[in-house]
Amino acid sequence: MRPERRSFYTLAAIGLFFLGICLLEMYGSHYDRRVANLMMIYVILTVSLNLSNGIMGISSLGQIGFMSIGAYVAAVLTLPAGLKERWLTGLPHWLSTIQAGLLPAMVLAGVLAAVVAFLVGIVILRLQGVFAAVATLGFLIIVKVIAENWMSVTRGGRGISALPAYTNLWWTGAAALVTICVVLRIVKSPHGRSMLAVREHDLAAQSIGINAPRIRLLAFVVSAFFTGIAGSLWANLIGVVSPGSFYLWLTLLIIIMMVVGGMGSVTGSVISAAGFTILLELLRGFENRIAVYGISYILFAAVFMLVIIFRPDGVMGDREFSWTLLQRAAAFSRRKSP
Amino acid sequence: MGTDFLLKIDALSVSFGGVKALENYRLNLEASRILGIIGPNGAGKTTLFNLITGFIRPDTGRVFFNGRNITRWEPYRIARQGITRSFQNICLFGRLSVLDNVVAGCQIRRRPSFASTLFRTRAFLRDEKKLQDRARHLLSVFGLEQQAERRAMNLAYGDQRRLEIARALAAGPRLLMIDEPAAGMNPKETQDLLDLILELKARFSLTIILIEHNMNLVMPLCETVQVLNYGRLVAEGTPAQIQRNPEVIDAYLGDR
Amino acid sequence: MSPTAYFFQQFLNALSLGSIYALVTIGLAMVFSILRLINFAHGDLMMIGSYAILMIWDAGAPGWVAILAGVAISGVAGIIMERVCYRPLRGSAEMTTLLTSFAVVVLLENGAILLFGPNTRPFGILNFSHPTFSIYSTLISKIDVVTVILTLTILLLTALFIKRTTMGIAMRAVADDLTASHLVGIHLNRVIVSAFFIGSLFAGLAGLLWSARAGKIYPLMGFIPVVKAFVAAVIGGFGSIPGAVIGGYVLGFAEVFLIALLPPDFQGYRDAFVFVLLIFILLIRPQGILGAKAMERRI
Amino acid sequence: MPIWGTGKMLQVTGLEVFYGNIQALHGVSFRVAAGETVTIIGSNGAGKSTTLMAIAGLLKPRKGQIKYCGRQVEKLSAYQTVRLGISLCPEGRRIFASLSVHENLTMGAVQRRDRKAVRADIDWVLSLFPDLKSRLEQSGGTLSGGQQQMLAIGRALMSRPKLLILDEPSLGLAPVLVNQIFNVIAALKNENTTVLLVEQNARRALEIADRGYVIETGRITLEGPSAALKNNERVKNAYLGG
């Protein structure tokens, strides 16, 4: 397929995507829009987790900690000033008298998450494999403990509620698109190549001049940036942030989405996150009907274990979706069924 | 002090858990030479490679490359100075394509800024094209151009060995260190490898250090041969001298 | 209360908490040293044991029967866990099995929520926690004494098992060198099942003591103890069983005295300090405690 | 004198072993008769250790047969081949570093239930390697290289193997110790133990063995009585070049 053709298809797909957003925003029910927003947020989370864990091969269990940071930053920034003065007594005066919009909240959420990732990464990324996994899990627990106890800024276990519902599909859709685009561009660049090389064999990578610790830190920080943004979008979608929201279940959910989509495949993550969001909603509806809750968790964990045993590379492995691939698949199926 | 040596090593020693893996090793290597290092298994040859390339830190001793003291540098910095290597147990980037293995080596010189990666500037695209072209050219030198799109782990054994050398060479070294390239190769493949190394040396004006057991490779290639045994340098000389040296024969075939 | 009495009380408290950590950590370390598997679901065996004890007791069985049966159920649950969840993954990457164990946690904890409901239940068996007695004006709770004596007895037995029995030596051999263990004819599956069984029994027992101490149980009770047991294991040198015991006690003391020393406003942050400690220790030995060895083998 | 009726204790036919996509053995065939000492020599990466690991049950061959005492063993696991009487003393010793010398030897007899006989065999091994006697409680990792090698051989003997396989027993040892190791092999040979020996030290190996095979790039390229191989120019070339 010619390159011009490919970019035409890509542009057309993006156009369709925004058309869909437009239609949903105009005609979709509240519930439809909420599910679509969650889907976009899960896509951001999964794709950025894939950058650090799949593409870079960092064994992080703590990414949701960055989401938590992003969500709290957004909550503190966007909470109406009156409520801030009542609830969040520990804030400096200038902060408690303003109410920020979504864009500055998003940017600051991402930046702060990235800064924390930078500091944490300098320390934790020196660890390998399971040790890194448990250290990052420790980070997640630390974030939760702080959120639970720093009453004057996070309001502790009660959480911060009454956040303005700024988030809409234009924001989440655009953020998801930017995340996908940035991660894909990183993958197909010398930076991404270095990441993959370090993942495959870090000593061999160093032997050809790749600064392994630095490239790992870069992947970790970029991943945290987008995860933080997802947190801010989440806060202003749900309207409440509380410490328990960003913990083990969400961590596992995103890991499941990434592994099933294929570690290392950005498009796999997108497809998987979208599919699982819908599955999650269907199951939730089912649970509501029979009034037995928790089945979806159990089912997801079981699915994950089956995938890891029988198809450990996930659906896409580490390949990427491309129009050429689609064309070939179409040709193949046409040949099969004349 | 004659400082014309490309690589100069003084009194290098390291021990692991009380066992002296390398003891008081010294070397003066001029540019454009091929040095062979032989010795039985466990003699300390690979340890020496790991010391020079920074993967192991020495207990004592100093390594000078191109007049600069590179002792205790990080491996990636030593590589950027111009020393690259292959590994005894093949260490390719298994799931990457053959081409990407080599491109990863090529990109040592020009590393784009993160911003240009994100915004795909014209310079970025031009450099990326250059990298790919250079890598494909190298693959053709190694006869691997047909395999460019395959995953490295799916290559045949001999091709994997050559790809490792290609990757090391892609990083544009002045000193190339090859660890047992002929292990597990048959005589025909070994002969081809010999021709390849000679061609590389001439084409890229390399200095080469070679660890090898197969004398059919060492003898015709190397101008100087060092023999290690129990972590110590036991002999040094031309291949002909080494071949006649009774101590060397004993080290290899066992003492009488 | 006199400062000496207060100190003594805290000392016993720390000893008791450390004992529980040691019991949990041994199981974690045994399995890790053999399989390189960090089994997060190990903590859920505590939960399973505690619920089993409570159910059997509620059904009218005498306390000691409930305890024995509950601990045994926890041991069997460990064997089932190995067979169903981990054996199919034998030989996969460390990260794969770790993620799987994470999924097992979610599976078991939500299964428990489904079965027993999400709420806390009182755990009043034997009424361990309340009765206290006083020596030289020091208040001593019975559960602490029972915990310490029971644990020390078990540790002694474990030491004998590890040191003297063929199975014990075989466990250490497998931890040392898997290939060589195959070559001398050690039946690996038997060793693994034994390690899981013993570790799970200990977890069940730790669950009993933990619940009796807290006076309540809930489905998610196992997670924080197991992550802390990991910290204890790291302190002691991962995979080493004496190290696990030492690490457990160090952590117990660190925690109790942290609470005693921290101003009241900061006591909620106790767990955060524990994990900062973990990261700090891992940092001093950058590749983890096992690092140096692994490095040599790789090139 | 052959103990087993056929005189063939081990018969390997057309063995092919792969590591992932890489083929390490291309149809290796050889045999060892009961009571014989046979050596396989060859350079690094030729496939010696791979062959031995396949026999011991550590690797599953993709093709080919391994017949031991009349039964097919290529699909068995290591603990099963040990039960049948095959004992491999691996390259690089691989003793249990944190276990004591005594415990290492105990592990060599892990499948045996005859405790008394095991105790007697520990004494027998210690009589073969007197150096270890005073170090019974010392942990394996603190031994010198030579002592570790002796312990590894001793541990392999503790299962009372019918077929003892030694992979590079002289690797990295000083000449004095190499002598000691080969003396023990000679002693075992006199006791009619069947030994399959893989060595880099070709001269010594051919001195002690009855027959030998030369392996190159995963194929047996030469075979014959040791005396004949010893004077063969090709063997010399394989090591020192023309």
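Just so it is clear, A, B, C and D label the chains in written order, and each chain counts residues from 1 on its own.
Operating definition for what follows: contacts are C-beta pairs under 8 Å (C-beta built on N, C-alpha and C of every residue); 3 or more make two chains touch, one makes a residue touch a chain.
No experiment lies behind these values; they were computed from the predicted model shown.
*Asks:* Can you give the shortest number of steps from chain A to chain B, where adjacent chains in the path must touch?
*Replies:* The least step count works out to 1.
*Asks:* Tell me, which chains sit next to both chain B and chain C?
*Replies:* Chains that touch both chain B and chain C, as defined above, are A, D.
*Asks:* Measuring from the mean C-alpha position of chain C to the mean C-alpha position of chain D, what distance in angstrom results?
*Replies:* The computed centroid separation for chain C versus chain D comes out at 42 Å.
*Asks:* Could you put a whole-Å number on the gap between the CA centroids of chain A and chain C?
*Replies:* Between these chains, centre-to-centre, one finds 33 Å.
*Asks:* How many angstrom between the C-alpha centroids of chain D and chain A?
*Replies:* About 55 Å separates the centre of chain A from that of chain D.
*Asks:* Mind pulling the residue numbers of chain C that touch at least two other chains?
*Replies:* As it turns out, chain C has residues touching two or more other chains at 299.
*Asks:* If you look at chain A, which of its residues touch at least two other chains?
*Replies:* Expected reply: 203.
*Asks:* Where in chain B do residues touch at least two different other chains?
*Replies:* Within chain B, residues 55, 87, 91 contact more than one other chain.
*Asks:* Which of the residues in chain B come into contact with chain A in the complex?
*Replies:* Result: residues 53-55, 74-76, 79-80, 84-85, 87, 91-96, 100-101, 103-105, 107-108, 111-112, 114, 117-118, 120, 124, 128, 131, 167-168, 170-171 of chain B touch chain A.
*Asks:* Going by the contact rule at the top, pick out the chain A residues touching chain C in the complex.
*Replies:* 59, 61, 123-124, 126-131, 133-135, 137-139, 141-142, 145-146, 148-149, 203, 248-249, 251-252, 255-256, 259, 292-295, 297-298, 300-302, 304-305, 308-309, 312
*Asks:* Quick check on the complex: what are the chain D residues that touch chain B?
*Replies:* The contact residues of chain D facing chain B are 20-24, 43-47, 141, 145, 168, 170-172, 174-175, 178, 199-205, 216-218, 237, 239-242.
*Asks:* Could you pull out which chain C residues touch chain D in their complex?
*Replies:* By the definition above, chain C touches chain D via 166, 169-170, 172-173, 175-177, 179-188.
*Asks:* Spell out the residues on chain D that touch chain C in their complex, using ranges where they run on.
*Replies:* Going through chain D, the ones touching chain C are 56-58, 77-79, 82-83, 87-88, 90, 94-99, 103, 106-108, 110-111, 155-156, 158-159.
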